[in-house]
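You will see two complexes here that share subunit A, one where it goes with subunit B and one where it goes with subunit C.
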Partner chain A sequence: MKSDLKNEEKLLKELVSNYNVKGRIQRERRIWINTDKEKLISICKFVKEKGFDHLSAISVTDWLKEGEYEITYHLWSYKRKILLTIKIRVSRKNPSAPSVSAIWDRNAQIHEREMHEMFGVEFKGNDDLAPLFLENWQNSPPFRKDFDWREYVKKECYNKDNEREIVYHE
Partner chain B sequence: MNNQVMLESTGKNEYELFFGPAHPGSGNFSVKLEVDGEIVTSARANPGYLHRGFEKLMEYRLPIQNAVLSDRICILEPLNWNLIHAEAVDELMGIDVPERAKYIRVIMAELSRIQSHIIWFGVFSIGTGFDTGFKMAFGYRDYILDLFEMITGGRVYPTGYICPGGVRRDLPKDASEKILKVLDKIDEMVKLEEIENPVLQARARGIGVLKLEDAMRLGATGPLLRASGMKVDVRKEEPYEVYDRLDFEVPVRKEGDAYARYMIGIEEIKQSMKIIKQALREIPQGEYINPQFKKPKLNVKMPKGEVYVRNEGGRGEAAIYMVSDGNTKPYRVKIRGPSFLHMISVLEFLLKGVQIADVPAIYWSMNICPADLDR
Partner chain C sequence: MKKESPKKKKMKKIIKAIWIFNWFNSCGFCELVPVVGSRWDMERFGMIVVGSPRHADVLFIAGYQTLKSIKVAQRIYEQMPEPKVVLALGSCTITGGMYWDSYNTIKRLDDYLPVTMYIPGCPPRPEAVFEACSKIFQHVKEME
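After this line comes the complex of A and B, so read on.
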C-alpha cells in the first residue's frame, strides 16, 4: 500500500530551505534530520510553532569509534501526525548540548536529566540534573559503550576468596 | 507520638514524609513529601528501586533473547511491550508479518490492556479505602491470566510470545470460545465497576485536577491526556498491526480529575472487548509466523538503520528507538515508558497542595507502573 508523502515532503522542504539541514523521509509519518548544536534551539523553536508540541523522547547513542555522541530528539505532532527526529552530534570528551527545557518545559527537563545520568551529557540551561536512578554512583556513566558492566560486577560483587563465588572469576 | 512531641516543642508544623518504597500502596517507588500540617507543600519523586538497565542489557543480546527480556519492562502489561519490541525488529529487518499473526497480536495486546486496566481499578480502590475492589479485580484478572497460560504458556510473563516475524504459537483450537467466555466474565466485572459508589465519588471527584495545558506541558500521554480532554490514541493516529480495520471509539472526558481518569479506564476496557470480538470474527486462516522465522535462527544480521516505533500501551504512549550498526545485536535501544513522565513530572505537579489523605487516591488514579519508569 503506497501512500503519498505530501505533508512530509512539504515540512522537510521548509526545514531544508530555512535551516540548511540534511534530512530524509523514512516512511509515512517519519522524518529524520541532521543538524549541528548551534542551530538546535532555533530549529526546535520553529518546529514547536509548527505544532510539534509533544517531545516523545530524548536519546543518546554512543558512537565509540567516531568519538562522538549522537543526541536524538523525537518529536510528535498531534496536529500533523508526523514524528520528527532531530539529530545532533557532540564530542564524547566533555559532551555538552544546549537544553531544550525552555521549549518543552518539564517534559524535556526530565528526559535530559536521565541522559545526563546515563551518558554524562551536560545540558546547558537545565536547572536540575540530579541523579534519578543510581545512588551514590562514583563510576563513569553506565550506558557509555566503554563501561563494561560485566567487569564491574565481577570486581564489585563477587569475592575471589569465597569458594562459592570463585566460578565467576574463572 | 514522637512526631507530636516534636511538633509541639518546636511550634512548627512542617516535616518530611516518605511515601514509599515501603508503603503498601506505593509499589517499588518513593516520593518525598514536604508537609505542612495536613497539606503537601512540595513533592519530589525518588525512582530507581526497579532500575535493571534494560537498554544496556539489550545491547548485549540477540533479538530473540531481547523478546523475552521485553516482557519485563512492565510487569503488568508484558504483552504490549512484547509487541513493541517485535514491531521494532520487524521494521528494522523488513520482515513481513502474516495477516493471522497480526490479528493474534492485536487480540493478545488488548487482553493485556484489559487485565492491566483491571489492576488499575484494583489499586485505585485500595488507594481510596475500598479493599473489596482490590480483591474483586485480582479475582477477575485471573480469568485472563488463565487465557495467557493456555495461549502463551506463561501466566504473567509470556516469555517472548510475540516475537519478530509473528507469534510463537498458533491459537489453540477452542481459543475463540474460551476468550469469549472470559469476556462475559469481564463484562460482569465492568458492571461492578460501574456501580455508582458515593464513597468513591466523594474521594475522587475534583481531586488531582490536571488541566489540558498542564498535561501537554508535563508530557502526559494516553489515558491521562484523554481524561484531560484531548482525543489522542496512537492506535488511531498512527495505526499499527490491523487497528485501522477495526472499529472502536476513543473515550474522552473533560474534567481531568481522578474520577475522570477512573471512568476512562472503565470505558477503555469496554472498547478493548469490542476490538477483541471483532478480531476474533475477522481473523483469517494461515501462517502464524513468517516461515523464515519459524525455527529460531541465531546470528541473523540486522541491516544498518534506525527505527522509532510508537504504540498505545495501557498506560500511555510506549515507544522503542532501536539503532543497528549491521551486527546481530542492536547497537542502541532506547525504551520510552509512559510512566517515566507520569510518575515524575506529572505526579510532582499534582501532589503539590493536596491533603495527605488524597495522595494515594491521586497516585493510583494515574495508572502508573514503576517498572516501565525505571526500566
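After this line comes the complex of A and C, so read on.
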C-alpha cells in the first residue's frame, strides 16, 4: 500500500515557496532540505513554530576534496511525526555557522559544543563552546579528515627506544 | 616459632576479606559480571564490592582509560586508605588494546597509577581475577 505523503508534501511546499530551498521527500515521514547558512536561522524559526520541538542531533561531515563541511540538523516533530533534516555547507578553512541555541536552547548548545570541539566549527551566538570531552587538546580538531590519528599517536605516545613499543613504529 | 611483626599481626586481622572498588569504563563492567554472578561468585572468596573508595582495599580498573577518566581514577586511588592494591584488568586498560591508535586513550597505565598486578585478556577470565586476588591473600600470609 502506498502511503499518503500529504503532510510531507505540504510542509516541503511551504519551505520551498517561503525560503527557496532545495529539498526532497526521502521517504515516508522523512524530508531532506539543503540550504545555505544565511537562511538557516529563519528556516529554523519557521519550523520550530511548525512543531519541530526536538533537535535530535547536529552532525558535521567533512568533505575533504570539496573543501567543505556539511552541517546537518536532525529535527523531529512529535505532533507531525516527521523527521526533517536541514543541511548547510560551510567552508572548511574557516568554518563558522550561526548558532541555533537561541531556538532550541540547551538542547542545541551541547551539540554545537561537541561539534566545535571535534571539527572546529565556530557557532556564532553560542555562549559556551568550552572543551567537552578532550583534555588539554592543543592540536587540530581530531575529527577532521586531514588529522592523522596514527601519526599523532606514534609521535606522542609510543617511544621508539622502548622495545615493547617499537612494533607500533614498524 | 618465628615472631610475627606488628604489621603482620594487623594485616592478618584485616585480610579476612578484601573490599573492592570498581572503576570501569566502557565494556569493563559487563566483562567482570561473571565474577560477581553465581557461577563464579566472588563473595565466596572473600571479595566484596563497596560503594566508596574510602572503604576499599583493592581498586579494579577496567575498560579503556581516557585522558579525562584517568584523572578520576587517580583521585579515587588517592582516597583509598593504605595498604592499597591496584589491579588492571584487560588489554585496553593496560596498553590501550584495540584503541592503540586513538588520540585520547592512555597507552601505558603505569605512567599514571602504581599498578600492583596486571590481568591481561579481553575479557580476562574470572579464574585469572581470582588468582590475582588469591595472590593478595597469599602475600599477607607469607609476609614477615
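FYI, the second predicted complex is superposed on the first by the 169 of 170 C-alpha atoms of A that agree within 3 Å, B and C clash if a C-alpha of one lies under 4 Å from a C-alpha of the other, contacts with A are read in each partner's own complex, and residues count from 1 in each chain.
Just so we're on the same page, contacts are C-beta pairs under 8 Å (C-beta built on N, C-alpha and C of every residue); 3 or more make two chains touch, one makes a residue touch a chain.
Every value quoted in this text rests on a predicted model; they were computed, and no experiment measured them.
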item: First (subunit B), second (subunit C), both or neither touched by A:168; value: second
item: Which of subunit B and subunit C A:158 touches, first, second, both or neither; value: second
item: Which of subunit B and subunit C A:81 touches, first, second, both or neither; value: first
item: Partner chain(s) touched by A:7 [first = subunit B, second = subunit C, both, neither]; value: neither
item: First, second, both or neither for A:34, with subunit B first and subunit C second; value: neither
item: Contacts of A:135 with subunit B and subunit C, given as first, second, both or neither; value: both
item: Touched partner set for A:149, first subunit B, second subunit C, both or neither; value: both
item: Comparison of subunit B and subunit C by subunit A residues contacted; value: B
item: Doubly contacted residues of subunit A, that is, touched by subunit B and again by subunit C; value: 133-135, 142, 149
item: Residues of subunit B touching subunit A in the complex; value: 47-48, 51, 53, 55-56, 216-219, 221, 230, 232, 237-238, 306-308, 310, 317, 319, 321, 323, 331-332, 334, 336, 340-341, 344-345, 349, 374
item: Residue ranges of subunit A in contact with subunit B within the complex; value: 26, 29-30, 32, 53-57, 59, 61-62, 72, 74, 76, 78, 81, 83, 85, 104-107, 109-110, 114, 118, 132-135, 142-143, 149
item: Subunit A contact footprint on subunit C (complex, rising order); value: 66-68, 71, 96, 100-104, 107-108
item: Residues of subunit A defined as touching subunit C within the complex; value: 133-136, 139, 142, 149-150, 152-153, 156-158, 168
